[in-house]
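The following pair of complexes shares a single chain, subunit A, combined with subunit B in the former and subunit C in the latter.
Take a look at the complex of A and B:
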């Protein structure tokens, strides 16, 4: 093709004008993605904060349960309700291959149920100050559930149904089944706290992964919009 | 079949086997072993024999088992093999539970694995709560607090319920808001009748029993307190070194509830913890403190007591103290030597005079429109730069006056405060 000098200058001039007017160019999903990026960061921060809060709360609660529950290597068998708590441990390859929607949904479902069980635990505790700490933790955990929901909606994913047919038994409103004795209940409480801890560790990794895929300031410049 | 623990407030005598009842219709998973009694409640000092029966599916026998209590292995001498699958343990003279959630009695298999557990609740029945005291904030509510009774530590979780009823009306009410003023307190926020006495008592209950306090009778109007006084100001009394004047406003609720108030003041020196109380303040909203130390910082607080409520002569309950307000008494002698105030004072009066002078000059003299106090200031600054010693400043006012002494046409504004050195008149 034979370009006259004027044409290439014209192209150059337009490019400059386009770049100059960058903010005015409609960027594809820029606000949505920027919002999602920030939400993901906030959710990540929240999981770290909760992890920290849990350390103190668990320490106090296990002391309340008494030895051997507060001994470092305590590892009781899992029974009854403990089997119904959603597990965070999953095959590494499986975890890695999760798409964003599945990853977020797993987190959302897990914390919704963990919150429910935690609230059940709250009602039984004798000591008033421990009940208060549990109450605060539940509120923060509720915040996490809402935060995850926020991320999901800003990325355009639907929230998992609370009592879907595909969910395992514990999601079907059986709720925290009262165990047959106080000792079993103590073991359930122990595993609940352990699972909560594992989930928070896992979530930090989940959200770290999501952070890398959705950077905070993602702006796409669309030249096609200018008919160029 | 799994056994449930006995119902809360009933007294279960030690050694008893819990009564069997029909199991709940839930899909009960098969446990590796079962302990009997499950979650018993016992009085301190009692003895207990517990039995662990392994499930036939687990292929374990009684010889494969051992017991721990709160993580500590129990001695084999206290074990007894009852049959092929059951091992018992004898516990004597039990101490109060280590934690309120119950002592953990656990049946283990040889390799340490947990097969079953039972929570032991060992303690004492509650004592009668005592020392019930109540107060009402502005006749709107009632807060009561009490003490748990001589023993205090029951080792078991003890629930306290505050109940109240109007003296001549049968209905019992239960207080709902606990721990508002400490662990043994409750707050009744509304629906309180005046002029009629209430009967108030506290019930304490735990797994071993119930105890009820003596009934306290009171009329809400007799236990009224109010907010502390507001806007407390403490100020000096002129130059008087040993006095401070305190002024405050009565708490706003006083107006709404038509009661009078009497006040009390307390004050202390900054570095002392001893408060001095002024009692005879009456119902004025100001007071003068005398006999104080000069040049000292004082902290002052005021509180209020409502009385004469609906004509009665009785006083109520003192409010909290107001937040401390600080003030200092003046000090008479000047601190010598550190800085000489004289020239400073002279400067400020001189400057004031000059300003007035320049103002007059502007109005009445020709060719002096550029004159202003700014020139004087500029000159002062220039002086400080060119002269090393400060005490020249005190002398210079006389110089400027002599300089100005010449006829109006004899000098120019630019000579003053100019960059050049001060001509001829250098002292």
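Take a look at the complex of A and C:
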């Protein structure tokens, strides 16, 4: 499959840049702990919805890639290219000890990256109905990114990073595979979907933790912000 | 008097690794032909063979060799060879007849996610000889140690070092015995094997003055380490004993539920299952509990024409009381009358639904 360096490339690079510079969602009233709690619940629900959507989408997409990608026991070693995709895998103790800010930031960064890569994948799919499904999914995923940003703002946390060392390597043009390396490209797609699925599972757990902890934290933060 | 050879056998009898024992324990496959030599005795020497103390008929001998054809489990035992005249023990062995291992059955599961997961195994059929099991767990490039448990013996556990892994686990179990070996391998994702234990302390109680309600309470399984970050959701099923069709309720919050559509006066059987909110599979059903909704004590049996609700015929147990009785009841039991009328109507609906499902 040819990777066109022209129009679609330009578009998604622009999109990636745009996403990174998302305007901050106006912070809710800092004492509005109920608001933060609701946003977290909404974000949690979004991750569940996306996870269900992804199951169908991934099944279709892997069939489109064909064997061995659609085989249930397919268990390839992780290739270095795939390391550009942010991994949900984390040391157990480290994950438990993440503070709320770090936990949210990790989710935000991950989905922003993943969304970028997904949009890149979208541009090259030959089948129209699959492209449409991918497009829908990307919109939903963007909704999740915005939702996470909303939670962070309502809790007074700054949105992580802008374009710089953390931006997706593809935006710098390191990404494109030569048209002859079709298998490697499919492998990238496989790992992207897998990592996305794992992130959605992880986010459900992340937001569970946040759900329990946020109301008191929101009060503390608002007090700190007001100089108490 | 027993020779030192015999004592040596008693000490090392079944240990496979004991070198002495190799001379004293012999493993053979079912169906094999076994020839035993009487130690260093010549072929034409006069000997007597015994098995478990009983003499063996000469027809099984080929000179001084003992020949057992097409051995089966009944041939297992202690074989001894004595020199003809002196009755000196010249050779002794314990024969164990068995089979090489069939492919073992292996499964892994996490009932205490995200702490650990365990793998357990068994052989589909016995080998009748001692087996050793060796398990290897590979996660990506890393080999993990599966810590064996004392009880049960065929189980080991692994601590999760990382969570939310995209790389599958590959577990291989090898079974070896003196007659052969076999192995099996399974691969799985971290999330796929999460299956909690069933909920505990399930209790169902009637609700006073509510003839159609049952209050059910339960606890999280005690093996689930962190219900705060990894909440469980529950599935409750209930039916009156006299019906086969279960009703189901899925609950994403809390460890209690009130059934509000129970049939008045009927004994119910209730079970609960648990699942991590987001991943894995449902637990087995909890122990079943029984409960009957509250009913008013029949105080006016002699003055009222109403007969007690019939439960004797199981297929037609929803015989509606005649309408006159409902009117009579209204004087006595306010909501109860409604309950009876409703239960009758519900019974019809259920019967209709039951027909649809057949």
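By definition in this document, the second predicted complex is superposed on the first by the 165 of 228 C-alpha atoms of A that agree within 3 Å, B and C clash if a C-alpha of one lies under 4 Å from a C-alpha of the other, contacts with A are read in each partner's own complex, and residues count from 1 in each chain.
By our rule, a residue touches a chain if its C-beta (ideal position, glycine included) is under 8 Å from a C-beta of that chain, and two chains touch if they have at least 3 such contacts.
Remember, it's a predicted structure, so these values are computed and weren't measured experimentally.
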{"item": "Fit or clash - subunit C, subunit B, common subunit A", "value": "fit"}
{"item": "Which of subunit B and subunit C A:126 touches, first, second, both or neither", "value": "first"}
{"item": "Partner chain in contact with A:67 - subunit B first, subunit C second, else both or neither", "value": "first"}
{"item": "Subunit B versus subunit C as contact partner of A:186, first or second or both or neither", "value": "first"}
{"item": "Which of subunit B and subunit C A:77 touches, first, second, both or neither", "value": "both"}
{"item": "Subunit B versus subunit C - smallest C-alpha distance in the overlay, whole Å", "value": "12"}
{"item": "Subunit C-contacting residues of subunit A that also contact subunit B", "value": "77"}
{"item": "Of all residues in subunit A, those that touch subunit C in their complex", "value": "48, 51, 73, 75, 77-78, 87-92, 95-96, 191, 194-195, 198-199, 201-202, 204-205, 208-209, 212"}
{"item": "Subunit A-touching residues of subunit C, taken from the complex the two chains share", "value": "114, 140-141, 160-168, 170, 187, 191, 228-231, 277-279"}
{"item": "Sites on subunit A touched by subunit B in the complex", "value": "63-69, 71, 76-77, 79-80, 126-128, 177, 180-184, 186-187"}
{"item": "Of all residues in subunit B, those that touch subunit A in their complex", "value": "2-5, 24, 26, 28-29, 31-32, 35, 38-39, 68, 70-72, 98-104, 106, 113-114, 116-119, 157, 178-179, 183"}
